[in-house]
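Here subunit A shows up in two complexes: once beside subunit B, once beside subunit C.
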Partner chain A sequence: MNQFYLSSLLAVFVLALIAWLGALGLPWLFGIVLPYLAVLIFIVGVVRRIVGWSRSPVPFAIPTTAGQQKTMPWIQQAKIDNPSTTIGVVARMALEILTFRSLFRNTRMKMNGEEGRISYHLEVFLWLFALAFHYAFLTTLVRHLRFFLEPVPWCIQMLGTLDGFMKIEILYNPIQVGLPGVYLSGIVLLAAVIFLFLRRLFVANVRYISLASDYFPLFLIMGIAFTGILMRYFIKADVAAIKELTMGLVTFSPSVPAGISPLFYIHLFFVCVLLAYFPYSKLMHMGGIFLSPTRNMRTNTREARHVNPWNYPVKVHTYEAYEDEFREKMVEAGLPVEKMPAPAEAAATEEEEKE
Partner chain B sequence: MNDKKWIVLGLVIFLGLFTFPLWYNLLVRPGTAAPAPEVVLTDKAKAARQCVMPTEFMKTDHMQLLDEWRLKMVREGTGTFVNPEGKMFAASLSNTCLDCHSNKAEFCDRCHDYVSVAPYCWDCHLDNPKGER
Partner chain C sequence: MADETPKPQELLDRIAYQPPAKHWMDVPVNIRKGMYCYASNPKSVEYLSMPNARPWNPLEDDWQLPENWQQILHEGFKERLEKFRSIKVFMDICVRCGACADKCHFFIGTGDPKNMPVLRAELLRSVYRNDFTALGKVLGRLNGARPMTLDVLKEWWYYLFQCTECRRCSLFCPYGIDTAEITIFGRELLNLLGLNIDWVATPVANCYRTGNHLGIQPHAFKDMLDFFVDDIEEITGLRCEQTFNEKGADILFITPSGDVFADPGTYTCMGYMMLFHYLKEKYGLKVTWSTYASEGGNFGFFTSHETMKRLNAKMYLEARRLGVKWILGGECGHMWRVINQYMDTMNGPADFLETPVNPITGTVYQNAASTKMVHISEFTADLIRHGKLELDPSRNDNKIITFHDSCNPARGMGMFEEPRYVIKSVANHFYEMPANTIREQTFCCGSGAGLNAGENMELRMAGGLPRANAVKYVHETFGVNMLACVCAIDRAALPASMEYWVPEVDVTGVTELVANALILPGEQERTMDLRSEPLPGMEEADE
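Let's look at the complex of A and B:
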């Protein structure tokens, strides 16, 4: 399965090279045109995806149950795991989206000893690093608003302060890290994405099901985090000039100031590629999680009948109509009927019998 | 399905959040860009022509230089800095940097505020050591 991650890695390197060359030759293309294009593709793509999903009908109520369904009053219901009310569903969805509860329940099967007894283990590290990854990404994303808002609102400043809460300082002759202050989220993001990649690489059964579309976003995000960290602590970039560029983009008066390092264009191009790739990839789970049919429905399958929305009216021939049609013949044949024939007819038959 | 209205509502909320910088800037500063601020050089700084290192280096790496100066002064007691051109300076924020750039509000703060950076220099250092207030 090596070709999958090697091709993805190669793709990311080629993208970096393209951006590096582009920064030297066509800074307006990589600094202005491509970011606008990427955002446009992202918005249109996400809207089309979600609207497409909203059009697909839900034929069955398929909420999964992870607890006792509502039943007799003396049996305790698992109100969040098996919700019968909308509030319960909201709680279940919130726990799913904010804490990845399904992933926490994820288990790994293992054969133990020589007799091969099966046991199930919590796979807690995937959950832990997935959680760290997503929250670090969110923090990084929100923290970057300082480049897109002027004046910077106090809550964004506060987030930056909190993120730089750990005053980490490394001061040796070749390496100096600590000023500007170290943001924890960037480091956690890079560490978590590396874990997620190594998991795909070293766990054999996960590697078996991993495709290029799994590795590519990991490498891309790794590249974004890596170039960001590089720019902040090692090969420092002119932040004021960069903000001039980003502010130009969001106020629709774009300009390319001088003195922006090629590394920034690599970072920006990676982000553009991620944005444009987003709606057409597995990353759409961001929107998809809200539409998980096994999580976002009330478990009321015994209370209410869920009718398939595309059911057409079926022509039925009820038993009553059938009996009305064939009653006489049925009576003649001695078959039991629910409604006996009218008395006049009955008298007529009696007379026939007498004769 | 009757869920369509909820899906559209969620989508609208998401797009509102995603495009937040666009309409925030439209509300706060309608129709104007926000170029990088110009720093003001004092007469003394203009007369010196060059800082301890070239301007391009100072723009991106001044915090690193100050961090190294602090380490050398506090840990090793070396209070001098020799730049590549062989010129010697006292490695001191108060005595060297602020000697020329005595206008913190128009020099340091402008860029720091612009990119939302709150350096902790001034937790200990006076921003105007000569006391010309």
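Let's look at the complex of A and C:
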């Protein structure tokens, strides 16, 4: 399986090399054309994918019920885990999307000893690092809006301040003197991505199921976080020039200022690749979770009829056909029948169309 | 139990959770005796007019497939992607986080990595990527894509019939990906090529013709219940005669035919009869059975959506013909998934029935207002709550009980408190199994979704391991000797699993416990329970 992560790693290195060379020779391509193209692919791709999913109907109401159903009034219903109302579904979805509720249930099975006593243990690390990863990514993303907005709104500044609250402590650290405040999100993002990668590498069953398409986005995000951190703390990039470029992009008057380091182009190119890759990959789970019928449906399935748009008539074995076949035996056993048997009746079995 | 089935310790020793060194696509499927069910009988396939009815044998190289089988599958796949959003989304969004891996009873019991839910789904996804995605076409195996070959087809068949559609994995999936949905879909595709198992295909054909899986004809159905009338008379001194196909009854009662046929389900069936007799004598409630709709279960559910609908149609057809007010359903697992989540959509609206009201207590079952079908545990719990049943729980005192939540009433319905309330009202000794093995996290019996055959005993015992292990724990800790459940497949499957893993524990339906405790008007002094075993304190009287 080495081929899967090695090929992904190699792909990311090749991408970095391409960007490095591109920065030297074709800065307008890597600074202007590709970012526009990537955003376009991202938007069109995501919309197409979601529209594609939405085009397929939901023929049956198949929510997974994870708690007590609504029943008699003296039995307490689990209104979120078994939501019979829209409010309940919204709460359930919010918990899924904002806190990864289902993943929080995760346990680890353990077989103990020769006689095979099985036990189940709380397993929070996947949940914890997955949550850390997503929130750190979100924070980083929002924080980057300061490159695309002028003046920078107070809420983005505030976020930056909060995210960089470790500033003071680290500033007193002799190694960090003179460096800007450390953004917690960037560090957490990199750490979480590395955890998720190591988990894939070292948990045998997870390694067994992992594909190149699982490693590639991890390496790519690792690359994005790594180059970002490098630029901020170690190989200082010309932030003013970068902002000139990004503001040019969002105001549709693009220009490529001089003095932007190739490292920035690598960072930017990684982001472009991630954006363009996104709609065609498992990263679409971001949109898919909203459409998952086991989570986003009400569980009042016996209370309100769910309509299947393609419900079609099927052949059924009618009672009449059934009685025709068994009438004599039924009469003999004293079972009521619709038609009393005529003498020497032919047992004609008939099948009818039924809606 | 087949002689070749390994002993429990051998089976445990065999489990290794370490996956093979080779990539899973390079590990060919090995269809092993004891792990698969026999191929469908062509007569049964033909009876339902389903495709490619012919004799075939999974162990042979040639599965007698139609020449264009790949095209049939591809088109079937495409059609269903357009009809089921669930499949389309589930094919695309799995991130292979592995949270589902050790949640499957078959993985826990076999250690076979292809029994990890994620990999079971990847068997299909790999073909989906090859046939329907651009990246899969370009990158091929690097992107987890592979073309459909005969070996892949055999792998599908083998592992889709090693899933009991219990949905435990779907509970833990951060995106709610439901392997049951994937298995249902995969089996539907396999049925396009006539690749069903006989344990599913023949009950389906039987049910279509006679109204029940076991092929019991109307007069025999009545005979069987008449036998129970005699048995109950011996125990209670009363004849609990039932009515059949009675027009104008208040309620139509439908339960799995397994309860009519085999122990210990028969005792549950006797329990229903005694309960209905009690309600008739005391409150004048008229409940009728149907010989035409004499099956609650629906093995069509394990075949295809269409087959499920064809079998399920009988419930509403019969309720309409008999002019009852609403339908009462017996203790069954997948039957309740079908009723709770499919029946109304498929064969409704049931506007010829009334919103179910318990005429004895006045309780309106608003939660069943549209489908118009109520679960016997919802019904009994309500009667007990209102003090409408005279009970002597001490008659169950020799039973130390735990409750097994059946997969479908758990994760396809959410019925947890009702049966527990009933058990605690009719018996004095009740203990729960560990929290990770009950309620929404319950484990399958290991034999659901049509896998309850004799020839796949090793698979069933392996799949039954996690459930049995939890029973063993309460058996050793609290002395539990009775495993209660509300599922006919459980009552057929768990006795074998208990005999294998925890031999001192018996299996019972909830309504059997109710009937043991139920004091029928005018009954003789009872010395025996429904199994004709002495009641607690009556052991000497029996001598």
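The rule is short, and it goes like this: the second predicted complex is superposed on the first by the 300 of 355 C-alpha atoms of A that agree within 3 Å, B and C clash if a C-alpha of one lies under 4 Å from a C-alpha of the other, contacts with A are read in each partner's own complex, and residues count from 1 in each chain.
Heads up, the rule we're going with is that a contact is a pair of C-beta atoms (placed from the backbone, for glycine too) under 8 Å apart; a residue touches a chain by one contact, two chains touch by 3 or more.
These figures come from a predicted structure and were not determined experimentally.
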First, second, both or neither for A:S54, with subunit B first and subunit C second: both
Partner chain(s) touched by A:T86 [first = subunit B, second = subunit C, both, neither]: neither
First (subunit B), second (subunit C), both or neither touched by A:D238: first
Which of subunit B and subunit C A:K70 touches, first, second, both or neither: second
Contacts of A:N112 with subunit B and subunit C, given as first, second, both or neither: neither
Subunit B versus subunit C as contact partner of A:A204, first or second or both or neither: second
Partner chain(s) touched by A:N2 [first = subunit B, second = subunit C, both, neither]: neither
Which superposed partner A:L291 touches (first subunit B, second subunit C, both, neither): both
Which superposed partner A:K282 touches (first subunit B, second subunit C, both, neither): second
Subunit B and subunit C contact sites that coincide on subunit A, given as residue numbers: 53-55, 57-58, 291
Parts of subunit C lying in touch with subunit A, wherever the complex brings them together: 9, 12, 15, 17-19, 23-24, 49, 81-90, 92-99, 101-103, 108, 113, 116, 118-119, 122, 133-135, 139, 142-144, 167, 170-178, 181, 208-211, 217-219, 222-223, 244-247, 291-292, 305-306, 309-310, 313-314, 317-318, 321, 339-342, 344-346, 348-349, 363, 365-371, 373, 378, 381-382, 385, 410-418, 421, 434, 436-437, 439-441, 465-466, 469-470, 472-473
Subunit B partner contacts - residues on subunit A that touch it in the complex: 43, 46-47, 50-51, 53-55, 57-58, 145-152, 156-157, 160-161, 169, 171, 176, 178-180, 236-241, 243-244, 247-248, 250-251, 253, 255, 257, 259, 287, 290-291, 309
Complex contact set, residues of subunit B against subunit A: 1, 3-4, 7-8, 10-11, 14-15, 18-22, 24-26, 28-29, 31-37, 56, 59-61, 63-64, 66-68, 71, 111, 113-119
Residue ranges of subunit A touching subunit C (in the complex, touch as defined): 1, 3-4, 7, 49, 52-72, 74-76, 78, 81-82, 84, 96, 100, 102-103, 105-109, 111, 114-118, 120, 126, 130, 203-214, 280-282, 284-285, 288-289, 291-295, 299-308, 310-311, 314-319, 322-323, 325-326, 329-330, 332-336, 354
